[in-house]
Each structure stands twice: as structure tokens, then as C-alpha cells.
Amino acid sequence: MHKLDVAILGATGAVGQRFIQLLEGHPWFQVREVVGSSRSAGRRYADAAHWVLNGNPPADVATLVVKALDEPLGSPLVFSALPKEAAQMRELALAAAGHVVCSNASANRMLPDVPLLLPEVNAGHTGLIGWQRRQRGWTTGALIANSNCTVMPVVMALKPLVKYGIRRLHLVSEQAISGAGYPGVSSMDIIDNVIPWVPGDEQKMETESRKMLGAFTGAGIAELDMLVSATCTRVPVVDAHLVNISVELEQQPAFADIIDDWETCQALPPVPDLPSAPRFPLQYLTQIDRPQPRRDREAGAGMTTSIGRLRECPILGYKFASLSHNTIRGAAGCSILNAELLAAQGYIEPFRLADEALAV
Amino acid sequence: MHKLDVAILGATGAVGQRFIQLLEGHPWFQVREVVGSSRSAGRRYADAAHWVLNGNPPADVATLVVKALDEPLGSPLVFSALPKEAAQMRELALAAAGHVVCSNASANRMLPDVPLLLPEVNAGHTGLIGWQRRQRGWTTGALIANSNCTVMPVVMALKPLVKYGIRRLHLVSEQAISGAGYPGVSSMDIIDNVIPWVPGDEQKMETESRKMLGAFTGAGIAELDMLVSATCTRVPVVDAHLVNISVELEQQPAFADIIDDWETCQALPPVPDLPSAPRFPLQYLTQIDRPQPRRDREAGAGMTTSIGRLRECPILGYKFASLSHNTIRGAAGCSILNAELLAAQGYIEPFRLADEALAV
Amino acid sequence: MHKLDVAILGATGAVGQRFIQLLEGHPWFQVREVVGSSRSAGRRYADAAHWVLNGNPPADVATLVVKALDEPLGSPLVFSALPKEAAQMRELALAAAGHVVCSNASANRMLPDVPLLLPEVNAGHTGLIGWQRRQRGWTTGALIANSNCTVMPVVMALKPLVKYGIRRLHLVSEQAISGAGYPGVSSMDIIDNVIPWVPGDEQKMETESRKMLGAFTGAGIAELDMLVSATCTRVPVVDAHLVNISVELEQQPAFADIIDDWETCQALPPVPDLPSAPRFPLQYLTQIDRPQPRRDREAGAGMTTSIGRLRECPILGYKFASLSHNTIRGAAGCSILNAELLAAQGYIEPFRLADEALAV
Amino acid sequence: MHKLDVAILGATGAVGQRFIQLLEGHPWFQVREVVGSSRSAGRRYADAAHWVLNGNPPADVATLVVKALDEPLGSPLVFSALPKEAAQMRELALAAAGHVVCSNASANRMLPDVPLLLPEVNAGHTGLIGWQRRQRGWTTGALIANSNCTVMPVVMALKPLVKYGIRRLHLVSEQAISGAGYPGVSSMDIIDNVIPWVPGDEQKMETESRKMLGAFTGAGIAELDMLVSATCTRVPVVDAHLVNISVELEQQPAFADIIDDWETCQALPPVPDLPSAPRFPLQYLTQIDRPQPRRDREAGAGMTTSIGRLRECPILGYKFASLSHNTIRGAAGCSILNAELLAAQGYIEPFRLADEALAV
């Protein structure tokens, strides 16, 4: 099988590196283009990137020459790990030029025609792509986003509870340093410390969760009507975001029923058979002191969300903790799973360089 | 001035060490007796204790010989840093023998005649001592407790808000490792990790906060009627507990009024003039990313509670973060301040070894 | 192919858990017996063990019932993760009873007839087994040890330099907390701290390295004659020991030659084809700030030693840093590789319960 | 007593903040001028500086307006916490303009006429100031440097051993993150990790230690003739550098004699009476696992060096560990002590703005 060519925007940064690491040996996708800042452009990837993940860059990417952000690309599929400001116009331009852009940036997430896709939660939101293409006059291009990394463990755990009616949601996160990229959080700020504030994340928790759990209406997403209060904090943990969740439901299911909902949770076809889909999207841990970032983040190769401590909340009814690997399930891994779903559904065409691309 | 002799129960443990450290050079109290386990008894303190705080034990305590737990004591004032099980009967026996016992143990906190004293919050609860002595037939003896270390930053911050009517309280803590004593938390459990559960603390948050904010009725404490939901987690921080607080009030004060309440908060006389009382019991930090454990725990020599991030909670109305040093304000420092208040109010008599003590 | 039955001594401890984790899905070995303390004996493994590694115990081991230390075993191959005191007599007794015991304990390492085996370094030391069996009158039994976890990165890096004549060796280690087992190092001792002493390790560095790099003489090991000075420190790192090495050689090879020696280093057959052998036993990292524990410990699934920073030592001539994963290459992984070598060489017979075993 | 006006160069950085913190309430010096980058100039100090130390900036400095680097200064005494590049010319220009500049920067340390001053070690090097002034035609101005922060614990511990003849010195450091300033070391690089390389420090260890332990000759410093090999590593510790030291001496003093040398070590008058001089410049800790960064860095308010683990080095004869607080004794605190010595010796004249200053 011929693999689909892939480009990575923001390839030298921390999330870009995670894309490259996760795509090593991918059965469908092959990294052919790496795009970086003007400082990196023209250099070998291995020289331009200060590799911050374990080990070293994969050999086939190490030798690629980094392209500048404004160069035209030849890959039909583009993953974006750009910073917000750089992402906003460039992602739209590339989609307009015919590329399918799967973005991890926050810039365009809340545009009404951009799906905030998480295959186990809202695979039906891909329907928005047709509307997006019609609206914008795109043919092969598309722009799909994944949510903020801290929203992931929340919506993954809440999806099976939507049927009980979610009224109010109180969230307090304990987030890993890798969520801030590289160099990101200064060690002077976080060793032996907690930072009780993460720029921008509280608002994203409140808005993105409503969109992700909403329904595709044929011409947009009807957001889930729930009240959300979020507090985001940073802790000295390398990877994985833990969220302490209290939730008020319209119905009053037994704890055992909720646990059963989580344990039997399965995405609809074709999601479970996608290369990056974990065997179990959720696992409920019965030990009283779990989930824990270091011990549970690698579950399902970083794609399984771990839940624990379901018990009564005297105020909202139910409380529990949920944890996801923030740079895999919460970022690059989710974007790749999104792209796999789009590929399986025929949204990514073997690329013919479009006329508009030449004009970029 | 002649200093009051003091005994420390559980003197070799982490909290016992903090008592000894904080009492070094104390203007009113002098450590004369250190009490330890049978393994420690009979040895010089410096040899028996594995000192886990900074530096080394004070020279005058280093040479004291550790007494066994069942030996009679000669000090009128006794600080207890005993584990719960050991504390329960021994503290009562010592109070019965005429000692004023200021305890950091949880064993007897919720006894109806034991004040859960925090001078800036409920100095009036010392009134309970008269009732305690009458009830139990004690003359010079008394048993006073301080609360769980995680409850402290909560009640310190809430005290000025009681006047607005506290209805519901949602708490998520991020607690330091020193709260678990020594050796306490294994490094294998907490480096690069969060433990989303602290044994026993969630219940204490819910019960002790109601008692502390309650009112002395002449014959007991009328607990504050509020609904509390607590989640307690452990993070890789050495000292200081941070609590993320959402609170629902009956009235709707402006944020500026609440901040003003905190900044002008002062305990009633004689508390502000006690040797261990901080100049300001509370400080409100205006930086958006504060309070932080490492940067704010030493405020007021560890006795000032730091508050920050007051903002709207879409669910309960108000939310903010509060932080106290857990082994100073939250444990030994509070016990010492309690004892200072009792001494100032004449509850601690120059000790004459009572007949019942001889029978211990 | 029928797998060889395996027993794990000390199965509930941290190293025992690592044995179980690494043996999950092993092509030759199957864990059939888990042996623990009297407190654990009789309980299901999943209940008896507080699992401290990532995830949960493998399902097939989780349901095994833990055996007591003095129960007879039915497995021909026994891995020992016992504490030193428990190991000393029990390992010898099991070997006498006909089992091949691959031990991670330090108790019997320096016995003259016990190989301190590290296949890439001294595979020829298996010759000692014949001498051991003759000396002790054992037929199928044998006792093989692996070295201290901090010695591993040293001897792995030095092996290719033996040909240049090693005269003097100066070592300063920075060791991970997992080297002390569980609960092991208190978090109160190591967060935001370094402990400049690791009990017993400095002596082991000095003695075990000489034995491992020595030569099998037909009747014992002739230790390598070199002078070793070791300082061992503990740092707040979860896994992997880093050793700063200065070495004086008789010859003066160019740096490039030494790097070439490391990069081309290969064990003799059959070692490279053993299931747990890494593709490269050594890797030389050219980045100036490597090797690093977190980024390099997983190399070769934890079995590759990473070396970096080769440069001139003004005193001893050469200096560099070497790093190995301490609980994989430095403990359980090495024991398993040792057992694979013994199995490949025919030292482990399909087990027939020997008469002497019945008498245990 | 009228205090001497003081200016701080690089006042908003991490070391600049430490200067300001340590000078709060200083009996001789008063911070009157704070100098920062062009980005900070013109703003209130409290607004311009992201305060990374505990608590908040002192009130009297918080309201100072930050001056630009090229503005003339009115303070006779200037502390420099500038980065190397900025320091080189500016420090010399200010000294030429008549200021006494006590610098923490590395730029001018090895100039032959600049004392590398550490009052307990080489107070006699102030003699170099006269030579400096004559050479350069300066009258009231002078430039004095303190050494690299990692060199401090080495030379402090070695000073009493110079009399035994120091031949060779092998150093391996474990350095705190604060040594790299702010933001300095990325948390992604150091949590659960060690970085086995600190840019530039190994060379400074080798050169600066020889200069500091050398002798003033009347026209320069005769460096101590010893061979030094240094390895510098970074560990996840907030403050304090620990150095593992092996040393070869010409004589063979008993361990007890060396310990006695350390314990009785006292600086010559007037050093012991300077405001920032610790009561004991050195302390020898008898516990086998000390010194430790977190537990010993505050000794003597951060100005006492802690030594431990003196024992035989099989290669060089003696080995031990030495620890100093890197931003107090190793940086700002040392500069302040240097300035106190200069003030006590009359090197700092009540400032009359010199003609050459007007030309700056």
C-alpha cells in the first residue's frame, strides 16, 4: 500500500516532535515535509530541532530539510503544531489550497464550520466538513481541529454520561509541564511548586467541552447546554493532565451503572479499527489512589483515558478523576486519529497540486 | 521572665521536629521534655531523631534524653505530635493529670468538649475549656486541638466571609508531601506524579471546617451549617497546601469588598500580640499566578495565609485559591499559637505536679 | 515451543515487579510461581502486591497465589529479587535443590564460584558454572548473579577499553530512586535535594567492577587489576543511573578510536540473538548534554547503555558519562538476559524435581 | 550612620533580585538605583521585574524607577548582575567613572588586575586594587569580581588545606537550577532528569580556583599551581551546588586534623565582623548522608559552606563533599560581603560625581 504523504507545521517544537515520533512506522502516513520558523528553514531537521522527547529523531525525518512556513507544500495531509498566531491564517490558506489540515492549534477551533473532532466522542462531527467545503468553496481542502489537551480527559469521561443529562460541571485540573511546549515552563517556576493558573485554559475548558459534546445539525454544531466552571493549575509532572471532576446529572444513575458505561464504552465503526485507536478508549481503575499521571499515562499507548475515584459529591452529585496523556491523546495522537478517520471516510484525496496552491 | 516548661510528645517525628524548631528561642516556652517511642526512649534526642528539617536540632534539645510515652511529665504545657492511635488515650490521660495539652493529632478533635482552636478564626472557642473541665472534673488540665493541615487555608480564608452567609463549599486540594510525616510518601509514588487521594483528609475537610467556623454556645460548639464537598490530592511539593475553593454565599458582595475583608482581617486582642501571631493573618496576592507553595509558604514566618485569583465561579458564585504552610500554620505553629493564647488568658498554671499525675 | 516455567522470589517488591513486567509475553519463559514474604503468602498476587510500575500487573500473573519463601518450587528457573539477608541461604538452597537461580541480590555475588554475569561483557564467565557444580556437588542447579545496578553502566562502557589497559578509575554516580526499591527513598529526603551517599554502593562499585571485567581461569575469576575510587549519590530521578567516569589507560587511544570501539561493540554469539539482547549494547551520543536519564533510559527497551561527553581528563586522561536503566539493564533485564544465555548454552534442563528438592 | 547609596545592574534578573533581597535592611548599604534592560527602563521596579524569589520585592525598591544601562549613576557602590556580554564594557566604564563595581558576572574575572575576591579565602587580594587603579589611572573607581558559583564550595573547603600542598583536584558538581538564572533551565529538561553538562562551568572551575587560591604578589596574582579536572552537571534542585571533591595533597594529614582545620577555620579581621559574614564560614557535618542541598543551604543565612563525608580516595588520597548556596554565598551574598570588606578597608569613598562620569 502506498502511504499518504504528510507535512508537519511547527515540526521543530515539542508537539511537532510528538507528531514525528508517533508517525514513525505509521501504516498509512509518511512524513515527507517538515515546516519550521525562518530560523530553522533550510537546515536538516536533526540540526534545526532541539529534540526534547526521549531518544533521538527518527532517521528518515532527521535528514529532511526544514521548509519555511510560506513555502507551498506537496503533501495532501498536513498536521499543524503551530503556535496560535502563526496558525490562524496559514491553516486556512493551506486548506484553501487543497490540503486537509488537522490542527492542534487553538486559533481556529471555535470557528462554526471547523469540527472539534475526537473520534470516540463525536465522529459524526465530520459531517461538518461538507458544510465547510460548501461554505468556503473548497474542494479537496479541509480544516479540522482537536481540542485543548485538558478538555480531552473531561469529554472522554463525560461522553457516556450525556445520556443521563449533564447539567453542571466543576473542573479542577492538575496539568503537566509538557502542555506548555518547549522551553515552556521555567524550572524555577515549577520545581517544588504549583502554579494555580494556566493561561487561557480555563476558558477553553468551558467553551470547547460544550462544542465537543454537542450535535451536528447539518449546518453547524448545537453545543451541549451545560454550565461549566474550570480551574486550571500546573504541577511538576512531565506528561498527563489529571482533572478532578464534579458533575450534576438530570438522572441519578447508580455508580455501578456509570462504571459499566465507562468500561463498555466503544467508539462506532470505523473508529475502533483505526491504526491509532486504543483497544479501550476508557479504563476505570478500582484502586483508591488512581489514576496517577506517571503510572497511567501510557495506557493504550497514551490514547486510553483513565478514570477513578467515582463517589458522591455532596454538592453536584457525582465526582471522579480523569486522566489523559496530554501530548498523545491530548494533542498529536488525537490529530493523527482524526486524520485516520478522515482518510477512512474518504475525505483525503490522493493529492493533485491544485491551481490555488501554486499561487500561495 | 521565667519560661514555662514544655514537653513534646512524638518529638522525634516530623511534626515533633517542627515543634522543636519553632520553639527555639521562644520568649515564653522552653522545651524541657521530649517524649518518643520505646525505640527512642533513653537515648539522647540528637541520636534518637533522624532530623528531617533544615540544619540540625537546636543544641539545648539535642542533649535531652527522650522519655517513654508512659513516663510522667513535669511540664505544665504539653504539645502532642503523636500518631492518631497513640494520641487518643494518652492526651486525655495527661490532661486528666493536670497538663494543658495542645494537640496536633486528629484523634480527639471532634470530641464535643475539645476546642478545635485557631486563634484568628475562633478564639472564643477557648470558652469550651471551662465546660470541658467541669464535665470531666479536671482542674488545671485541658485538651485543645488544632485542625487538619488542609483545613487551615480554607477556614482562614472563609472566616471573613461568614458574615455573607456560607451555603456551599467545593474544595480541591494540592497538598505537600510533608503533610504525611516521615518517611511518609515514598518518592516512588510522587516524583513526576500526582496522587489523587489523601487518606482521611476529605472527610476531615468536611467535618472540621464546620466545627471551626461554628459558634461557642456555652456548652459545646454549634457547627456552621454549610454543605462541603472536598477532594484531596498530593503533589510533589515539600511544604504548603494549596486549596482551590469555590463558595456559594447568601449575599453577593463585590470582589473588591471580599478582598478588602481579607486585607483588613485582624484577630481580636490579645491574639495579634501573641509571639507567634503573624502581623497579617491573611494576604491577598494580586498577581494572576499566585499563591504558589514555594514562593508564598514562608509569608509571616509560615503563619500568614496567602489568597489569590478571586473570580466568578459560574456554578457557586465565587472561586479563589488559598495556601498555608502545612507544618507551621497547619500544625506545630498553630498549636504553639493556641498555647500562647491559653497562656495569655491564664489557662496554663505554673505547674504543681498533681496527685493524679503521680499515679500515671 | 513449550516455555520454561519460571519462579520469582521477592515477587511483590519493586524489582520482582520489574521481572514480572519484563517477562510478560517472553518467548522462552513463563512465570508460574511467585514467592513473597509471609505477609503475602497465600494471597492472590494482584492483592498482595502494591504495584508501583506503570499500569497494572499482567493478567496471567495477577491471579497466581503467592507462595511462602520456604515452600518447594517446581520451576527449573528461578529469578531472585530477594533482599540481601533473605537471599543468602535461600538462593544456595534452591540451587542445591536443582534450580538454576539467576539472582539480582548482592548476597552471593562475590563468592568465588558465582559468576557475576553480564553477557555483553563476560559471557565466558558461564564457564564458572561447571566448576561451581563440581565444587558443590550440584547437578542441575546453579547460582548466577548480576552486579549492582550502578556498576552496569561502568563495565558496559569499559569493556571495549580493557584492551588499552585500564589502570585507574574514578567514578561519581547520580542514581535514581528506584534503585532503593519500594517504598525506598522517602520523598522528604529527595525532592529538591541530593543525597551524597548510597549505602553500600561505593564498595560494590570498587569490588564488582574488578570481578566483572576479570577473566575466567578454569577455576575462578582473575579480577582485573585496576584501582577504583567511587562516590555514589542519589538524585530526584525515577529511573536510570548516570555515572561520571574518569579513566586512566596504559595506551593513549584517540577519542575517535574509543568512540568507534563503543559504536561497533557487539557481544559474541549467541548473545546478540537472545530475546532480551538489545540491537546495540552501547550507543555514543554526540550531543554535548547527553546522556540524560529521562531521555536515554528507554534506549534498546532499557537494555542499551548510553555514553557521551568523551573528553580529556587533566588528571586521568579520559572522562565521559555513561548511563543505564537501573531496573532493566541494571537488574531484572540483566538477570533475564543471563538466563537466556544459560538456556541457550544448555545449562537449564527441563526440570525433574530432584530428590534433594523434596527435602527442602 | 548614613548609609552608602547602591546601584544594582541587571536588577530585574534572578541574581539582581537576590541582591535586592539580601540588601533589604542592610546596615551599611541602601539600594537607590536599579538598572535594567531597555524593556524595563522607565517602569516601576515592581512592574518591570517578574519576581522569582519567595514573597514579593521589598517595598522601598518596588517603587524605584528602573534606569537604562547607559544612564549615568549616582551611587558610589555598584553591584553587577549583568549577563556576560553586557557586563564586559559597562563594568569597566563605571569603574573608570569612579564607581566601585562589585561584579557577579564572569566577563572580567580573569583580567590580571581584577581581584576574584572571597573574603574568607583571599582577603589579601584587595591589595590588587591599588595596582589596578595605578595601571588604569582610576582614582575612586575599582572593579572587583566574585567567582563562579560552583567554584565557591570548592575554594571555601580547600583554603585550609593549602598548607598541606594541593597537587591535583578532581571535581564533579551537582548544580541547582537557579545557577542558570530565570527562565534559565526549562522544566522539560530537568524534571526527572540530570543534565550532564553546564555550559562554561567546567573551564571556570579549572581556572578560577587557581586564581582564587593564589597569592597577591604586589603586581598581580600568582596562581596556585595545581591540576584540576572538573565535570559539571545540573540536577533538579532549586538552590545550592554540591561538589564531590577528590584531592591529592603533598602531605598526608590525618582526617581528624583536616576536620579540625575546617571547624576552626576563621577569616582574618575585619572579615568576621562584617555584616554579611557568617559566624562560621565552614561547618563539617558528621552525618554520613550530608551535606544535602535542601537541608544545608540555609546554614549561616546561606553564607556557610557545609562539608561532609571526608574519607580516603584510593586514587588521590582524600575525598569529600562540599556545598554552598549558589545565589547567596555563590553570587549576590559574596558580592555584598566583598563590598563590605572594601568599605571597611576604606576603598569606597563617599561619592563625588567625577568628571569622567559626566562624559559617560
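We just call them A, B, C and D in the order they show up, numbering each chain from 1.
What we mean here is this: contacts are C-beta pairs under 8 Å (C-beta built on N, C-alpha and C of every residue); 3 or more make two chains touch, one makes a residue touch a chain.
As the structure is a prediction and not an experimental result, all values here were calculated from the model.
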Item checked: Most widely separated chain from chain D, with each centre as the mean of CA atoms -> A
Check: Counting a repeat as over half of the contact pairs in common, which of B-D, A-D or A-B repeats C-D?
Finding: A-B
Margin query: Nearest whole angstrom, what separates the Cα centre of chain A from the Cα centre of chain B?
Written below: 44
Check: What is the distance, in whole Å, between the centres of chain B and chain C, each centre taken as the mean of its C-alpha atoms?
Finding: 47
Next item on the list: Please report how many Å separate the Cα centroid of chain A from that of chain C, as a whole number.
Entry: 40
Check: Which chain B residues sit where two or more other chains touch them?
Finding: 52, 191-192, 236-238, 294-295
Next item on the list: Would you identify the shape of the chain contact graph, picking one of line, ring, star, complete or other?
Entry: complete
Next item on the list: Please give the residue numbers of chain B that touch chain A in the complex, ascending.
Entry: 168, 170, 172, 174, 191-197, 206, 227-229, 231, 233, 235-238, 242, 244, 246, 288-295, 308-309, 313-316, 319, 321
Next item on the list: Going by the contact rule at the top, pick out the chain D residues touching chain B in the complex.
Entry: 52-55, 191-192, 238, 285, 294-299
Notebook entry, point to check: In their complex, what parts of chain D are in touch with chain A?
Noted result: 14, 52, 177-178, 182-192, 236-238
